[in-house]
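The following blocks contain the structures, represented as structure tokens.
You will see two complexes here that share chain A, one where it goes with chain B and one where it goes with chain C.
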Partner chain A sequence: MKKEGEVRISSGCAICGIFCKDGRRITGDAIKRSISVMHNRSNGLGGGFAAYGIYPQYKDFFALHIFYDSLSSREETERFLDRRFDIINLSKIPIRQTPRISDAPLVWRYFVTPLPHMLADSQLDEDEYTSRAMIRINNSIQGAYVVSCGKDMGVFKAVGYPEDVADFYRIDEYEGYSWTAHGRYPTNTPGWWAGSHPFSLLDLTVVHNGEISSYDANRRAVEMYGYSCNLLTDTEVITYILDYLTRKQGLGLKECAEVMAAPFWSTIAAKDEEERRRLSYLRKMFSAFLVTGPFSIIVGYSGGMMALNDRLKLRSLVAAQKGDTVYFSSEEAAIRVIEPAPDRVWKPRGGEAVIVSLERRGI
Partner chain B sequence: MRKEIVDGEVRLSGCLGERYIGCGMKKGVLHVEGTPGNALACYLDGGEVFVDGNTQDAVADTMNAGLLAVRGSAGDALAYGMRGGRVYILGDVGYRAGVHMKAYEDERSVLVVGGRTGSFLGEYLAGGLIIVLGLGCEGGDITGYFCGNGMYAGTIYLRTGKAPVNLSDKLILRHVDEAEKAAVLRPVVEDFASTFSLDAKLCLSGDFIAIEADKSKTYSQLYAAV
Partner chain C sequence: MRARYRIRKDEECISCFKCAKECSFGAIGVVDGRLVFHHDKCVDCQRCVSSCPTGAVFISEDMNRFRANSVFKEDDIREIGLQASTGGVLLSSMGARDGQVPVYFDKLLLNASQVTNPSIDPLREPMETAVFLGQRPERVERGVDGRLVDNLPPHLELSTPVMFSAMSYGAISLNVHKALALAAQELGTYWNTGEGGLHESLYPYVRNTIVQVASGRFGVHETYLNSAAAIEIKIGQGAKPGIGGHLTGKKIVGDVSRTRMVPEGMDAISPAPHHDIYSIEDLAQLVMSLKEVTGYRKPVIVKVAAVHNIAPIASGIARSGADMISIDGYRGGTGAAPKRIRDNVGIPIELAIAVVDQRLREERIRDRVGIIASGSIRSSADVVKAIALGADAVSIGTAALCALGCHICASCHTGRCAWGLATQDPELTKRLDPDEGARRLVNLVNAWTKEIKEMMGGMGINSIEALRGNRRALRGVDLNVKELEILGIGYAGE
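Right, the complex of A and B next:
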């Protein structure tokens, strides 16, 4: 099969997210009902979910979700992991067979922690150690794709409509305080399992509607810093930009938004001097991470969620709040189906990041 | 979604994202409740569509005639390329409202927004009338950035004394005097107010500014010559 980047398919997408600020854990049923309202925005070539707070019993271990094309790729990957990590638990991810999802790879889950002496010898922190190992698997082991590798979170994705992907992975059996979803309508490239959204590195996940005109410039920039764009799709690069800016450059998410969806120079010129200096600095310092073209994204991470539009707002994005729960979606109807009477519904402006965080941890 | 016909008027309730409602309708009265999907009342060619709820994107796209009245908000790309008729939105609207609206002979498209709008309001405006009242946003920014960029005919009226942020120097901004207010704005705003049972006096109170293309600028001539 030809993969991303090798063919071009002309054609939209749907994204949504639910975040419980009080840390209340809800099943995947709500996010499934939400994304399924936007069925017509996808075409069955990809669907997926990210969930946070789903592995409380293993919350101190990195949860690896991995796709394998073959038994040999699994064996090779497990040998690779064995040398670097203590594997606490491993199993197939439970699935529910459905005729609407076919050609599934082997889908495995591992709970791991870096081997202490290996970690010490590497002189890295455990996040960097783990992310490098995962990038290496994606890069060098044929037929193995790390789908997610954060703590107390996981990505569930496949080729199919999102509601069918939800059934396939039995997401109604997981409980999390934060959920994002994606329904895919690939515009430039075919759908394949690892190319579905969300894209993820460590606990960071991204679902995206749009297409990135600056993809190649962004890709070249992140690849200078040790990332490897081998899923050959534009959204992947957003994940690495965010990981680089937050984890390696220490930027806050609002600043990341001001880099990726930087205001126009004419807009910056109208700000007061301090703001002008700050925004100019971010634009100049991180110019290679400016993301152009239409996009709306929902970013999940441990303890929070961010929604962001491109600066021209060329894709739709609606936000709503009801009590301690915050909703984001491509369409308001997808929020109304699970929350008919929100306290507030609003449409964030282009480049205006909406960031929500846990207020109290767990119940 | 449920459909019933009462006194010859069609009533849809429980809408949840269904697209193309009222698309191409030529006559009659349609009441919509809930959250209708994208492309509501696109190509509307007559009749009246009343929505009790918020609408999504691409509403009244290329609308030709009739009335669309939304007791709620609208999403992005509202009334794109609208050619005639009236679009009344009680609440806020998203980005790119009224892009490339037109007027031709007796046909004049009219868009009235009760709340505020996103950026690129009336971009490439080719004719017709856009009125933004900014009710409840008095003193604040009611249009976002790039208001009227590239417009070459038609008029944007804003109920504010403040110029929009980074307004193009190719546009002329003027304060609206009482005579123009009475002649141009009052009939339209009174109709808008009565549709939503608002106080027309309140809707017309305060300063209004008008934004139009500067006919002396060469690019305007270029566009006008097409």
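Right, the complex of A and C next:
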């Protein structure tokens, strides 16, 4: 059987997110309890978490989470990193063995910063320098896979049910102001750790529920800008589109949402002159990044979170707020289990991005 | 010469002689109050059959056959005889003949949603077919206030991804041009003048007209260029890549002469190359000259025939400043072309779209141009497949003529079109009422648009841009590995 990346595999899913606008850092326990309510939306073939604000002592360094199939792939990767980065700290990521999670790769963590002279020679900014290096590891080092590479954040994912993945990675021992989670229901896969979600590039992480019908149009468009879609998953292509639009084109997240889940032409026609021009421009300029078919996504990034549905709202997505904390989930029950009395619960409309940001930075 | 077709009538005939009146090829006459059939003149245009009030006329292939030979087919022997007696080049019209080269559209199958994602019902949900055609800048720009600046160059907007192909006034009648212009306006799409100029009475359709600049420069002047939404430089045509055109003096009469700016009765000869384009840098100059004369307000299209090295040609055009590339495939139609050229030169449009789209993406310049595909688009399914392979839109010529009555008898070059389309004979051109013709064209394109929406909805796609270049929507059957590789698709079941 072919593994992820050699064949395109569709999947249904559960997603949820918690964001503390006041920068308060909470442990991974809440997100674990939330996602586990949606146990039957997953089938044990993939689960994972993204957390922000978890490495305050290393917040100026890129935190690399890397899977290795073998010792030799680790040695090769470390040689590769050594030539390009100053490695401040490295260690195995602490795990708790559980019989429900098996076939684990070697899971390592590095805190790095680009070597100054290498960075200067490359004529790139440090984000681009780092992202290119990470894409190269994924493409060219057999048996190595970079799971996440942003600052003061990390992705923890595995083959298994999300609650078991949480125990395996001991996420109750991390504290972050922002958490997202994913439980996967692929229709056909042997289960590959790197194929689990969240998917990430730099500090951008995406959890996604759906199956986009525009996949190949989007993939071929984003690959024109130097990205390489190796996993053939929706989440991967959505992440790259967001990275391209925000980091390379300088669009805001709301504008990204207006590209990916663009309003219908009939909706645009009813807007006032200026808005009509703006929205038409975005649709025409970035028509190849319109994403169709069902999706609900939660996007994590440094200092914020965005939830977005496809424009017909073909997947469930619920939002809730209690004080300074905002919750998103595929099902309301997953919010109620950790916050029984929210101030407000609502269902964002199709194509309507809900964006939350830190109001003041935590400790 | 021996007849190719036989005309027969049966006992239902009421001797109204309508068939004789309708036949413009002299195949049916009346002598002493009786119908007389000249079988050798029949071209099987079906005009008599369609107009017979009692259904009493039949056209069939002549039963007589040459002795079968697996190498020299009947047509080969017939054509050798014709050339032996005349010493001339064989002429033909419409698209390449059947059976020689695969029609790849027929070997492509579309996808549909089941279970893992929902199909979308176009009767219940919006289903968008509007197409943007033109250049996209590399980066967004913002004003000092941070607002997005609209930096999109002039472009075309189509309500549906189907346009009408270039067919010149002279090759076809003014009534056909009128019908096309009216239909394009009502549909929110574009029609194309071809190389014969634009009749003054059609200037009001400026918003839906594309004017062509071909190697003969017939009818090209400043007003003409400014009476259009876009300008097309015609380099080549799928039916006759590499050669020019020849409209006989017989068709250069009255308004055709005036519009083409060619004296009455004089042959209008389009040279094979543009005499100011001998290389790609010359093309860039012509593109910029045309933009200069129209104040940079009109996008420029470059039309080329699909030939072996179409991918690098398209890449060169994309870098020339042109806003769109129109690619016409091997099976594309024509009013007249040497038969050997029509049947033996060029490559099928499906392969051309696939390699051009892929090449422009590899060179990261796909956003610089729109791609228009043509050359035997027969149905909405062909449209969907062309777009999934990578075209932005298609244009239709033969299909549009069929909507107006054409039965593809391939006799356009005779100038005797019984349906009143490819002729300038006033007795024949009046057979087409432009308003009725426009209504039929609108019906056709609207019907296709409905079908396109159904197919898109089935795939769970609700906007045409999500279909463009979406090659996973396609699978092939009866194709070899190389063909699949060039088309960039998987085999059915993969």
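Keep in mind that, in the parts below, the second predicted complex is superposed on the first by the 349 of 363 C-alpha atoms of A that agree within 3 Å, B and C clash if a C-alpha of one lies under 4 Å from a C-alpha of the other, contacts with A are read in each partner's own complex, and residues count from 1 in each chain.
One rule holds for everything that comes next: contacts are C-beta pairs under 8 Å (C-beta built on N, C-alpha and C of every residue); 3 or more make two chains touch, one makes a residue touch a chain.
Owing to the predicted nature of the structure, the values given are computational and were not obtained by experimental measurement.
Shared-chain residue A:285: touches chain C; no touch with chain B.
Legend: residue contacts after superposition of the two complexes on their common chain; A:266 is shown touching both chain B and chain C. Of the two partner chains, chain B is the only one touched by A:40; chain C is not. By the touch criterion defined above, A:313 lies against chain B but remains apart from chain C after alignment on the C-alpha atoms of chain A. The partner of chain A that touches more of its residues, comparing chain B with chain C, is C. When both complexes are overlaid on chain A, the residue A:215 reaches chain C alone and has no touch with chain B. Taken together, the two complexes place residues 264, 266, 312 of chain A in contact with chain B and also with chain C. Against chain B, in their complex, chain A makes its touches with residues 37-38, 40, 264, 266-267, 269-270, 312-313, 316, 318, 331-334, 336-337, 345, 347, 349-350.
Every residue of chain A that touches chain C in the complex is listed here, in rising order: 8, 10-12, 187, 210-218, 220-221, 223-225, 249-251, 255, 262, 264-266, 277-278, 281-285, 287-288, 290-294, 311-312, 314.
On the chain C side of its complex with chain A, the touching residues are 113, 116-118, 120, 125-126, 128, 130, 132, 136-137, 139-140, 142, 147-148, 150, 152, 155, 361, 364, 366-367, 459-463, 465-473. Of all the residues in chain B, the ones that touch chain A in their complex are 15-17, 19, 34-35, 37-38, 54, 56-57, 73, 75-76, 92, 94-95, 118-120, 144-145, 165-166.
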